[in-house]
């Protein structure tokens, strides 16, 4: 971090760990936020196309969640209840049962894990191993499932894997849909390797995947591939785990990312936008026959974040009790897709990625993607990259973003892209 | 779960995972809480000697934290900010710097990990391995460090370890202070095994311990033993990690559990009462030379729980800006110790355990400890057991519990113990 | 093991472990052997198309080796010398230097490991990890590298892997050449997975392969594929290990199986026919810059089998000092290929496999292959199956087998095949 | 390796791996050997107090074994038979049954593993895991069980462990008898750690030990300790594996090292002197109920070393068919003990180690022990050190060494010790 000699180190520089990250490229000090906009301590406002990495699908400080939460706190509602019964947990479960699980024919049980996505993933992997007595779990190239050691074994990213500084165990990596190009059927390859008695892939406890790989570059698996993977899992006695932490909660246009695919996952992991308000909350949904943990066999002090139950209940009742919210998502997805098409047209060799409201453009290099996002930030748009080389400009705006704000955000993005391209040294496109 | 035939399954029975635990022995549905008391939906009030497993050291819904949090939410303060800079994070860091770190001569950096204790432990273990290029971490009998796979390897409890259903890696277990009785110097044994070139214990990246093992049965390490372990770590090139998740934040009578021991840990893990309000928050403190993670090398969506920063700042400024709060803890510790002495006297062969306000009585069997706690619950006291056989009746009352409430809680506990003992089949004490 | 009631258990049944294997299908008690024939205690003679799984490439009891060995023993030559210098080791090394390494431009050092192929493989894997500081080793579907835990991790066979009863570590499995059919370039796939920063395959210490997979079903890699794998290894900083234990020592028509492929492996593992006489001997050849073990860092009591040095020297001087022996191999390979073509023509859907004098026919099912071999055994031919389903009838006759004996052996084999097919229930070939 | 400029590198320097070891300190080129003496190519004779690390308990080129082996080879006996039945295997098994197993009441089955001790250890560990469904194996400080990855996990020596360059799995290390001094009961400590439900030691598949640790410094476990370990194994559902590779075959004064201890191991591993002639051979003995490998589930090309069966049979019939040989061992053990007492008396602070004919003196430093052995070598005695710091001068003379030769060897050793001590810089003994 270059400093001029008169610089007084900030409290962050003096005391916060070097592991801090987003703040490096976006160094404003943020103070308030509503809907799809944040404001920093200097009063500058930013449009948010990051949404807490899809943790704020319903925007910042939704007024109904806010009111419910203030009411809960004001009336001395439970703030921390371990996994004791509370009225707020009951209310959330009832809403989730009534409006999410039951209408989709899902008989899953809800396990409230420690309030991080990684914790839900760890629990899912443990359950699969406990159920099957097998240790091997199949995960995919460019998958991202968290950075605690069990989950990190399933994460493909080499930078994060290296952080463990220990060989990671219990996971076999396989190519995701499209990894070798659209014409190579990697589901069939997986089946072939598992089917050969000397294939050398131990019989799997589970196959785990994201239907759209958020961190991995917005790689959207085709529904048919997911169905075939589900069949491979079933054929080989493995559980199917869908990690819906980033792609779920409406991000793909439906509550679950997989619900139009004709599959029933054995386990679904959820976090990020589950609480709706950005509060830490994670859960997994597990079919009753696989709900095999004994009491507290997987536990964690914060596994009952009561404040999150309050706001999570509001998200269900406000957005998912009928189909009006979901219907509106399609139109926004089209707008996003359309404007990203404009972006892609600016950049030779770029490709559009993703699905639903989880879309981006692979611009071919991390340097270019980073430069575009940095310039957009200067102009008041918070937007990030993803992908193995950070080569994808990723749009994860709140699902509730008004159309005008979306358009305004894209104006900033496209302007930034044009400026960035103009500033680049001339390169002959071959 | 025995049911009479007319029982309609509750929403918990229908939809919550079998992993739910505390609610099984304490089936009330809780609705509100203040200070050291909870109230259920039937209006029954309970004194809280569990305090969210030491996550509520300052009691439930502390009025100052409550006011600050409501104010933050009302004014649309950031609820979720990833690891961006926020005014609330800055304010917390300044308070923590001014009132906690600087006065104790600690130059540690603060890393906000995913908001679970296990996540902080995972990060600590990863750092130690990355710093040293070694993989082995020494942990102790009866240690409890969480249930995600990396941390679980360090956890001694066989029930939780079994949940992984995979061999856990990278940790060598050694006997804690007193494990073989007070006369066996297990620090010397550890040193001997590490010093022998054929001792077969790989050179350690770290030695990790709790100074008082909360889940492990309130085993309090002697200061001298901790110092000698610190020396063993230094002599063998290992980092010293103190897991202060349960024993820290005042629980042992000082902010850190180790601060009177004459050691400086290389890494300290914190969670539970760090936010003060029971909100999910975890952090680790790491000496600057070991702050080696690259940006987001260890990451997590909820690593900046802004609500928790708000309340955590209040805890520091309200309770730790001067020594008045700490001074009062000693008296309460004495009262607890005294009343537990009365409990121990009732039960032949029982022993008092713990330190500070983290104390209990080993009553010799999990069945007896469980029976006492169950009876106490009936009479309005929330209290739990710990230890490898759940044989320790454990008192973790909020540090802010008024003396009168403490006394009332102990009256219930002692009454429960007497009733339980009276109800037991006569047994000749030998 | 079915017994009639009057059966007295043999000493083998009473005292030898159930792990015994070949003797189950070929229960004769063998007493003597010369060249390509064995004789049992009843005086019945068998042609040997198994050759100790390619450990007897020069036949049984070669007269020159036999004479040299008897001379050595008679004159009280060293029988066991640890890794002390002996005149016999010097003589072997000189012959190996002069006639094998130097003419092929190989500057490799020779490491005498414990006298099993698996031991050489373990040493090779350790060296690669020590050299690179990486732990991951790439191995292939249907590879067989031994059954001690380090080597077994690299072995694909599920039955053998299961014998470990522990998850095996440190190896990533990739599809061998042709595994997905001739048109899928699995070298390119490997490169793609290693090249993607989020591919999730840890940077490899080594890529290890057999150019012809003996146990795996006589899958012969194409030279071009091997060259491209060598390039992938180089590009990604990995050592190239060729496991030439079964395919080496002339089996493929040249001393090393890879010598016409235009590659220079960093490490070559050797065993089986290295001693020539069937005596236990293993070695690895390692380029000087990777000869990184300290003295005895990898050791073993029997790492200097002096009797084996005696006969091994004879093999080099007798068969490899000029090119006459090698030249004759081609003709035999053609004969074998031709007769296997006849076999294949009998069985619809069967395919010829292998290369050099390491050939067979995939008859489509283990049951059929086993039945043919069993019938051949009845008629005096020792022959075995290989492949993940034991579906390949495998010919591994001594390289020195006289043409007449080869023909006689094939006569038995073809007769057995015809009888077996005739005895099968009629099946409409679709 | 310092060379003067006119030095022509030897074939060993040019082509043998740097892993070569014994030859560095003892650089003669050996040519012949009989009984307890070796002769080098210059005609110099050496007394052998190393005996192939106890692989030559019956001396070099025993005339009866030699005759039998020459006869076998001359008559074209099978040299390599995989695990087919041979007359020589039958003869060995009958002799072993009649003279070893039956008289000792042992119902064990014999499994011929790959012909290295490490291979037998790997097989033993696999069986224990397969039988119990557990993965953890308890091994001890200073234990040495081989250097292939499975066995190496059980080996304590840090230098050898480092050679793996990968974290070793599946073994928990515990202090051997006497590791913390004679007064600490490490069997009770192991029991305590296994008995505590939060002890953090996973339930063991096996406890594996050498009754005398040969490489580890001639640490002899007390019989009572071994019995208590056997009980701990039984109490915790673990198999007891005695690794008798170095201490067995008469080395401790009885055929098995443990036979006077009142225990029956579930598995015994054997190698080194099993063939008697120094030929590679290894086996494990396993109780019938644990003989659980399927056919070839653990296999290896050289698992039937027929030459070794020939000589191994002679050892049994010549030395163990009656008790005359065993009776004579006691007297030699006394002589050795007596002379080592003389050696110990020369060196302040030294201690005598070992049991039977497996004895030595811990002289306090590897430098001193090495200097004494180097000087002895100059004077015609082959002798080595052992222990974690190579601090033990170790006598492993052939059991058949004539008394006069023993005395002569000790004369050389004592002379070397006196010279070494005299040559040392004066040091005040405190």
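Residue numbering begins at 1 within each chain, and the chains themselves are lettered A, B, C and D in the order written.
Note that in this section contacts are C-beta pairs under 8 Å (C-beta built on N, C-alpha and C of every residue); 3 or more make two chains touch, one makes a residue touch a chain.
Note that the structure is a prediction, hence the values are computed from the model and not measured.
The pair from A-C, A-D or A-B that reproduces the interface of C-D, where over half of the contact pairs by residue number are the same, turns out to be A-B.
Looking at B-C and B-D, the interface holding more C-beta pairs in contact is that of B-D. Mean C-alpha position of subunit A lies 30 Å from that of subunit B. Separation between the centroids of subunit B and subunit D, computed from CA atoms only, is 49 Å.
One inter-chain figure worth recording: subunit B and subunit C are separated by 57 Å, centre to centre, where each centre is the mean of the chain's CA atoms. Touching two or more other chains at once are residues 135, 159, 166-167, 169-170 of subunit A. Of all the residues in subunit A, the ones that touch subunit B in their complex are 10-12, 14-24, 26-34, 38, 41, 50, 52-53, 55-56, 60-61, 66, 69-70, 73-87, 89-90, 93-94, 96-97, 101, 109-112, 114-119, 122, 125-126, 129-130, 133, 135, 146-151, 153, 159-160, 162-167, 169-170, 205, 271-272, 277-280, 284, 286, 291-302, 305, 307.
Every residue of subunit B that touches subunit D in the complex is listed here, in rising order: 135-136, 139-144, 155-159, 161, 167-170, 172-173, 175, 179-180, 184, 189, 192-193, 196-203, 216-217, 387-389. Against subunit A, in their complex, subunit D makes its touches with residues 166-167.
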